[in-house]
Each structure stands twice: as structure tokens, then as C-alpha cells.
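Look for chain A in each of the two complexes below; its partner is chain B in the first and chain C in the second.
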Partner chain A sequence: MTGAGRATGAGRAAHAPPAAPAGRRAAASRASGRIVLAALLLALAVMIAVFPLVFTNGAVTQIAVDTMIFVAAACAWNIFSGYSGYLSLGHAIFFGSGVYAVAIAARDFKLTGDAVFSLMPLAAAVAAVIAIPVGLVALRVRRHTFVVITIAIFFIFQLMAFNFSFTGGTSGIVAPILNWTAATYNDPFYYLALGIAAGTIALSWLIRRSRFGLQLRAIRDDEDRARGLGVRAMPVKLTAFALSGCITGLLGGVWFYFIGIAQPQAAFDPLFDLSLALMSFFGGLGTIFGPALGALILEPAQQWLTIRFTNDYLSEILLGALFLAVILFLPRGILPTAAQRIASRRARSGDRARGSQAPAVARPKGTGP
Partner chain B sequence: MTAQLRAERIARAFGGVQALDDCTLTVEQGSITGLIGPNGSGKTTLFNIITGYERPDSGEVYLADRKITNASPQRVFALGIGRTFQLTRIFPRLTVMENMLVAARRGGRPGRLLARAGGAADRRRALELLEFTGIARHAAALADTLSYGQRKLLELASVLAADPAIVLLDEPAGGVNPSLIQHIAARIRDLNAQGTTFLIVEHNMEFVMGLCHQVTVLDYGTVVASGPPGIIAADPRVLDAYLGSGGDGDG
Partner chain C sequence: MVREILENTVDGILSGGVYALMAVGLTLIFGVLDIINVAQGILVITGAYLSYALSVHLHIGLFLGLLITIPAMFLLGMVIHLAFIRPLGGPERTSMSLLACFAVAIIIEGALYWIFGPNFVVLKASNASIRISGFYLTDIYLYAFALAVALVAAIYLLLYRTKFGRSVRATMQDQTAARLIGINVNRVATLTFGIGVAVTAAGGMAYGATSGGFNPNSGYDLISRLLAIVILGGLGSIGGALAAAVLMITIESVVDIWYPNWAIVVFYAALVLVLTFRPAGLFGRAAVRAQ
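== the complex of A and B ==
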């Protein structure tokens, strides 16, 4: 299902010669496992597709829209941070820029009604344009220095949103009113966010199998060696950064109409990136579906905690504790851990099937320890 | 024979330590050239300067007649110079085949962002090289699962994927068992017979003297001797460089 799962799975399959009825049994159980997995995925897809038609309660669909926006944002974040290993804690720069690009344009062009949705490409474009200079500065440094610089630049943007006159300062910018039926008001937002999420996952998959994606992952593993093998590291990193930022900006634009107002502390939210990082780590950093899975679990959980514990701090403390738990007990995330478990179980049943005829992997002649 | 690669009067200091001082090295086209010297004599620094990882304080690097001083590592590689590292470096979380495809550039259309990694020609060549180095059976495994010796072979194979004209090897025999050393030496000879030029840093004297056509000896960042291995082995200045500086037992 995931790229990581496929890689390890293929690795096992490649040197497991089919042997004996036991081997055939293992293959049969593997095939039935695939069918079960496919059925589960299909059920999940159907559930996601019809969710707001089944659960029509406004409070529930509200959470569903938020969740879909985070699914898409986590997948977009993963295209850069997951593949390149550069952990950005500044993607709220792009989200906020998307929010304000649409807010300011709608206000200044005096757009109303559904016409405001024509501004979505603007949100994406503004974020991509901002990503280039930000990336040119931040991508010169690596690891924790990079993390700190993205946070620093993020706070510059938040300060600008607070202080420039064209952003409306603390009071912000109110979105034009949409004359939609109250009962189904959230549905278009849900499907818009779902569409963006699906597109982002498809893009993640395309990038993962592409030369560009391979270069990103080579940079993650050893950037200097990658350069020594002809990888033009800066353009590759910058492209991924801008692409990821562009999708994040687009989501900011959607979120602005959904929430109805652009305010600095919400549009440029320092917790936004922590959530994205947490979701991606939880589901599986650098995998195709991991960040989406993480968002599907954590965003509703966070919303529920906020509602359940009206004391805001308590829900944040619980979220922090969850982050610690993930790092301690699931450092590689759900999907890679699951893929590894399945692979090692398969290897064990494969060994049983082969019996004690031969060692699992014979070393090539002359290759040592 | 003509000089294919030339480092001319290179100087490089780290703080107060002069790592290289007026160092000139010539690698003839089609040769296997050895670069030897005690630890700290500047061999790896010279490699780093040639391949763009470090800048010299003064001096120039030429590829044939073209000046390539201070070119970036990716540029140096694109010009046909590949290298391995003293501390073997692979991409641990990529599969062995993916490791091979990072450098491949055959038939790819670089203009298309989402172009598939590794076309049929790239994969065929990668598999050929994996077979050539003897690790083809691990093609689908994560590189992280390879043994140290296999990693050395993968690093070499992945550099070869783009068919570099010159290959710089930093201690290819370091830390590997004798039979693998023989295997690596045989591969180098095969490639050299097909026209690849080699520059090799190595402490294993048997390996160097058995393989190289030319040997250059560095000591304190300066060339103290250069010539065919038979003459170098008997040169008193070489013995002095190794034994006089405390004889760190590498010879």
C-alpha cells in the first residue's frame, strides 16, 4: 500500500524462491490478505466519499472539513519534509499567505458570492512565489538550523499580518457572505478539500516514483553524496518546497471562506506546523498514505478533545503528551511499523516453508563480512 | 600518454595546519594512479578539492585542458569525474537499485519533473553493474541491510552508473577482507581495460603496488616522490616519509 511497504515487501519477495506446498499456502494467505486489505480500503474510501451525506450534523461536518484540510496539508507538507528530510516548521507561512491573498483580493476587488472561489488559484500562486525567496534563504542550512530558520521566518510573517494596514491588523478581514443553505453549507468545502487531498496524494505517488522524488530521497539520506552523484540539490529542494507551499497556500484560501475571517493568530498559527509534523510522524513520514492516515486520526481526536475539555490548555497538553508517545513508541509511524511487521511475519512463514534446506540469503562469492 | 586530470600547485590550510602545500598531481589518461602517504598527509583533502567539496587557497585543477577549480560537486560529476568516500557512503533508506539510479542519466528527459526514475536502459545498465560487482541478488533490498563489504561494492557500482571517465577511490580496500580486496582489484582492472582512468588513495601497499601504473607519494601536503611502483617502493624518501614520521603501521 505504501511506498515503504512496497520496498521492503519487494525485497523479501525477490529472494524467496517458491517452494513446497507450504510456500503455496503462504502465497494463498498473502493473496487473501491483499483482498481483505483492498476491501478495507474500499470501505474507507466509500465512507470518506459519502461522509457528509450520512452525517449531516453541522458540528460533525465542520470537523470533517477541518480534517480534510489537514489531510491535504499533511500530504503537501510530506512532499517536501517527508521526502527531503528537511523538517519545515514554517508551512503556516504559505497557509497564512493563501488566506490573506484571497481575503485581500476579495475585499479589494469587491467579489461576492460564489465568484470568490475564482480566487483559489491566486492563493496557490502567491504561496508558491513566496516559497522561492524563503526557500533560497532557509535551504542553505540543514537539520536543526533549518528548522529554527523556518520558525523565525514564520514569525516575521505573523508580525507582518499583525502590523501592516492592508491586512486589517488584529481585527482581520471578514470573508464575503456565501448564500448557501445552512443544512448543507459545509458540504462544498468538504468536497473541495477532499479533491485537493486526493490530488495531493496522487502527486505524492507520482513524485515518489519519479526521478525528482528519488533525488529528494537521496538528499534526505546523504545530501553531499547526492551532489557528488550529479544531483543539483538546491533546485531540487526548492522545487519541492515551492510545490508543497503552493498546495498549502491553496488550502489557506479554502479555509478562509470556510472559517469566514482572516486573523493573524489563526491564519499564521504556530501550532499548524506542529500538527502537520505530528500527523506525518504518526502515520509514517515520507510514505504516501501515512500523513493522510495521521491527519484522519489526529485532527478529529484533537477537535474532540477541545470540545470534551473546554479548558483549552488541557487539550493542548494532551496533544503534547501524544506527540511524546508517538516519538517514544512509534518513532517510524504506523504504516512503516505495520509494513515491517507484515514483512517479518512473511519472512518467518517463508523460512518455515523452505525448511532447513538452505540459508535464507547466500552471500555472493568473494563478498566478505 | 596525456594528462587527463591535473592538480597544479594546490595549497590548502585548515587553521594553522598546512594540509596541502604546493602540491602537483598528474593522472595520465587510461592509467591507474595511486596516491599514498602517511595519515594526515593531505590525500583526502586533495580528493575533496578535485571533486569540488573543498576550495583550495591557491592552485588550479584541470580536466584535460579545462580549468575546473572550484566547480561544484554536481558539476564535477557531470564532467565525468566520480568518487567514493573513505567512510563508505550509500543511501541507506533507498533500495540497492534506487541507489544505482540516483546517478544514472541515460535516456532520461530531465526537463520533465515527474519523469519516472530509471528508464529501461538505466535499469539494465544498473543491473549489469550490480552483477559486475557481485551484489545483483540484493537489488531490491534496502541498502541499509547490506554488509560493510557489500556497501563498498554498491558505492563503487553507483558511481559507475553514469560511466565516469575518471574514478577517484578513497581507500577501496580499507576494512575489507583479503578475498574481497582481490575481487575489488579485479573489477578495477576490468574497468581500466575498458578505458576508465583511476586515481586511488590506499594504505594497503600490496594493493597499490600490484594495481597501479603510477604512484605519487604525499608527505606533509607535498609530493615527495612520483613514478612507477617498482621505483617508488625502493625510494628512500618514501621509506622515510612512512617510517620517519612514526611509521603508523599502514605500510
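== the complex of A and C ==
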């Protein structure tokens, strides 16, 4: 995944030399491709925006809300792990902390009705505050050790949720009741999660274009060299970690009211981390839309498996098999694979147009739209 | 009080030996393949269930049953490697293999729940105990410890006294160089994965007989401890894993006297503390930090 943009640029420059007619044709096809892509994206956006108004079935909108939460969470995960290359399997720390921050505050302040949503910033703040010490410890080590440290800290948090008295232990904390109409109960959650998802994607786009994003990707490619070039690695990594954790915590707060109860094994769920990682890998690690795409495909599939096979264990087995299939058959992710296909086809047609015998090798790695 | 501490220390050392055996498998796999087998925890539970099935349905004794379960787990390990780990390639190979192991763990967990249900089971061993200067030690703890020591010694001999062991160590040091001098690195990797998983058969039997009981969910508890142990010992260091296992399980066992619910936190807290000051682990080389 080295220097995504740069590699593409170089590939294009090398394979589309200023041979005028071919170049113009390639540019034209690229422009029409862009229009088609934009139209598709627009259609997708409209579909997502009106989804709960068209499909009003409660079971369907429930899956839609879950999916939107995962879209946002996967994009947030990607801001840290995708850009920096540090694979975090501990984001459930922030999710669960967000869940419990809101749950405990709502219980102790005796909030009821819609007023509970004023607690959302608290979820984000608590997660960000937790992310800093966790990051200071975990980000000192790299690669496997980092992954394992995040898993270990995750288990500490799960254990705390089980054992402290203020978390309600195994029985958990029940959310305040929302007096909403049953028919449209899920809609506000859907649009809340959708808003967070859109915000996260926008943030992800901004970061990717920024100096900060460049520093993160420099760390991913070669941390020691990045430091040599003057990137202050620790503050950069820590900022991304806290930012990513903050959004994940916010989502935890939303999820708490949606599910209606905070329980240790659900709020701090190891499968949550695995899902985020796989969604990002599936869609395209380190790309802007990849994780969202991965979540849009995998989360409904996962929910469908759970509903379709009433046997919990069978659905768990199938879920694992689904994950394995993703890892084995689409290891580089949908978007990078698609981008590579398109680029190599373009290079080939360009070569044909020039009548050159140059082999069509264009392998842009990790190219994202 | 002193007596209690002493008793729990001995207990800790004995069960630490069992954890050491499982951790050696994990660290061996890491050393050769550069992947963390996060399925190790659930594989230990699988080993325990195999022993359980053999002893309950076929009335084969726990130790005799190992003659069946160890080869079975060895085969399972090789199959996992051949089918799911070896095909992975590309720049994200290490991350992908970790996730693949995680996915395998989920599948195995689901399968175990399906076959054996969520109820806790215990491997029934004799309750006989021996008395040493006022302390009672349950026999099975001693046997399990002896088994663990014997198997770790066997792995040590395999690694340091055989031709295969030499090729394993060569692969651990430098895969490219090992390939260049004619070692079939792929074969070594598959066999090592098999061996690393095979020890879970014995580890699982010992765990099932000495712990209060287990169900498929116990895999998470186990893997989190095992990961902490191998990281503390320094990834890829076998001696480090042994020392860290005994040290950490003993500390946990002693803290358990006062705070039974929090003993495990001490374990992770120690991990976090050690890594803050020595990122390569207690016995690891600095190379762990390199990217």
C-alpha cells in the first residue's frame, strides 16, 4: 500500500504519453467514466437517504440502523488503522466506553425521553479521554505487539464492565424509555447514524487530503523514515487514534439507546473489532469509501445470516466462513481491485491505440477514489 | 496468611507450567511464520473437549487419550495452515493472517457450541492428593505439570537436537537465507503450525482437568492470557514464554487470595507496565519494534 496517489500518477504518466489522439480519447473515456461514477454515487446516496421511508418494515429498518452504525464505525476505524497501518483490534474499548458513559449518566441524572440525546457529546468526550492514555501505552509498540496490546486492553475494559458495581455487572443498565411511535421508531436512529457516517466520511476525505493525512500515510509506509523526515510520529498517531476513538464512542452512545440496554458482553464485543477490520479490508483499507462499502455489504449479510438461521451457532459458523471467504478471495479489497482492473484496461487500450508492444503493466496499489 | 501465599504460589507455578506449554506453541508459530495465532485459545478448548469426548463416550483415560488427541490436533493445525494461512500473500499478509486466525476461531467456537452446548464441563481426574510437609497437592496438578515439562523438553530437543529443528531455527532467523540453503520453508511452516497446534491437545487436557470447568467461551479468557504471556516473554522467544507464563500465573494466583475478581487485571496491568518501559518484552530482542 505504498504511496497510493503517487503510484497511480506515475503509472498514468508512463502509460499515456502525449500521443495526441490516443491521449484525447483516453481523457474523454476517463471523463465519461467519471460522470457514470458520479451518477452511480448520487443514486446510491439518494437511495440511502430515503431508505427508511421506502422500506418501513421494522425488521428491515433495524438492520438499516445497524448497518449505518457500522458504516460510520468502519470509516472511523479506517481513519486510524487504515491510514496509519496500525491494526487496532481494540476499538470496542471506545464503543463500550461510549455505551457506558451514556448509560451511567442517563441513569444517575435520571433523564427521560428525548433529553437523553443531550448526552451524546459525553460519549464522544469520554471515548477521546480514554483513547489518550490507551494510545500512549499501545502506540509505543508496532505491528503484532500493537494488535495484541489493543486486544489485552480491550479485555481489561470488558472485565471492568463485568466487575465494577456502577456498571450494573452482568445484568447491565437499561436505557430510558423513548415515547416514540412504533412505526417510525427506528428512523431517527437511522438519520442520526447516517449523519455521523457522512460526517466521518467527510472528515476522512479532509484528512486524506491534508498534511496530517500525509504524515499518517508516511508512518504507514515506513515509520522510521517518516521520523527521519521530521514527522512527529507519536502526536500524529495519537491524534488519529483519539479522533477515531471519539467517533466510535459517539456511535456507542447512539447504539445504547437503539438497543435499549448496556451489557458487558455486547458493549465490549470482540466480534465488533473483527467486523470493523474485515469491513475495511473488504472494501479497501486506507481508501475513503472502501470501509463504508465493506460495511454496507457485510453488515446486512451478517444480520441476514443471524435472522435466516435461527440456530445461533450455525450463524456464527457461517459468519466466520464469510469472513474467511473475504480474506481468501478479496484480500486487497473491492475498491483497490476495481481501480487496478480499470487502470490496466485503460493502459492496455492506450497501448493498442499507439500500436506499441509495451507490456501493459499498471499496478497502482491501494488506489482509492 | 503466609501459608496461603505459599500454597497459591505452588499452585501458580504448577498451572503456570501448563500455560507455558500452550504459550510455547503460540510463540513457535510466531517465530517461524510471523503470525499470531489468535485461534490458539479456542484450539486449547477444542483439545479439552476432545479429551472430554474420549473419556466420557469411549472411556479412554485422559493421559492415554493424548495418544489420539495430539495427532488429531496436529492434523487440524496443518489443515488450518494449508487451507487458510498459506494462500495469503501480498503486502498485508501478516494482518490478514491474524484476521484469518480470528475467523477460524469464530468458526471453531460456533462448532463447539453446536456440538457440546454452552454448559460448563469438567474433565474428571482422580481427586487423590499427596501431602508434602503440611500442604496438600492434588495429584492431577502434579501430573499436568510433569506432562507440560516433558512436552516442553521434547519440543526443545526437537528444535535443538534434530535436523528438522535446525531448519526450523534457520527459518526463524532468516526466511530468505533458509530458502537459499535449500530448506523447504513452506514445509517447515506447515509442520511448525501443526506442532504449535498439537501442544494444545495436551494443554487443553491439562487445562480442563485443573481449571474449575470450561465451555467454548473460555477460549477468549485463555487467548488473552496467552497473548499477554508471549508478548511479555518477547515474541518468538521460547525461554521468555516459559518464564513469563510461570511468573504471571503465579502472580495472578497469589493476588487471587485477596481480589478474586480482579486477579486477571493485575496480569494485564503488568503487561502494560512492562511494555511501557521495555517495548520488546522482558526477554525479547529489540527487533520486535522494527517494522
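The definition used in the following text is that the second predicted complex is superposed on the first by the 330 of 369 C-alpha atoms of A that agree within 3 Å, B and C clash if a C-alpha of one lies under 4 Å from a C-alpha of the other, contacts with A are read in each partner's own complex, and residues count from 1 in each chain.
Just so it is clear, a contact is a pair of C-beta atoms (placed from the backbone, for glycine too) under 8 Å apart; a residue touches a chain by one contact, two chains touch by 3 or more.
None of these values were measured; they are calculated from a predicted model.
Student: Kindly classify A:Asn163 by the partners it touches after superposition: chain B alone (first), chain C alone (second), both, or neither?
Tutor: second
Student: With both complexes overlaid on chain A, does A:His144 touch chain B (first), chain C (second), both or neither?
Tutor: Only chain C; A:His144 stays clear of chain B.
Student: Classify the contacts of A:Arg308 with the two partner chains as first (chain B alone), second (chain C alone), both, or neither.
Tutor: Neither: A:Arg308 stays clear of chain B and chain C.
Student: Of the partners chain B and chain C, which touch A:Arg348 in the superposed model: first, second, both, neither?
Tutor: A:Arg348 sits against neither chain B nor chain C.
Student: Once chain A of both complexes is superposed, is A:Arg232 in touch with chain B (first), chain C (second), both, or neither?
Tutor: A:Arg232: touches chain B, not chain C.
Student: If we overlay the two complexes on their shared chain A, which of chain B and chain C does A:Leu214 touch? Say first, second, both or neither.
Tutor: The first partner, chain B, only.
Student: Based on the superposed arrangement, let me know which partner A:Asp222 touches: chain B (first), chain C (second), both, or neither?
Tutor: It touches chain B and chain C both.
Student: Following superposition on chain A, which residues of chain A contact chain B and also contact chain C?
Tutor: 222, 224, 365
Student: Under the touch definition given earlier, write down the residues of chain C that touch chain A in their complex.
Tutor: By the definition above, chain C touches chain A via 30, 36, 38, 84, 87-92, 94-96, 98-100, 102-107, 109-111, 113-114, 220, 224, 227-228, 230-231, 235, 261-262, 264-265, 268-269, 271-272, 275-276, 279, 281, 288-291.
Student: Help me check something: in the complex, which residues belonging to chain A touch chain C?
Tutor: Residues 1-2, 87, 89, 137, 140-145, 147-149, 151-153, 155-156, 159-160, 163, 222-224, 270-271, 274, 277-278, 281, 285, 311-317, 319-321, 323-324, 327-328, 331-332, 365 of chain A touch chain C in their complex.
Student: What residues of chain B sit close enough to touch chain A in their complex?
Tutor: Against chain A, chain B makes touches at 51, 53, 72-74, 76-78, 82-83, 85, 89-95, 98, 101-103, 105, 108, 110, 113-118, 134-135, 137-142, 145, 147-150, 153, 158-159, 162, 176-177, 179-180, 182-183.
Student: For the complex, which residues does chain A have touching chain B?
Tutor: My answer: residues 7-8, 10-11, 13-15, 206-207, 209-215, 217-218, 220-222, 224-233, 239, 361, 363-369.
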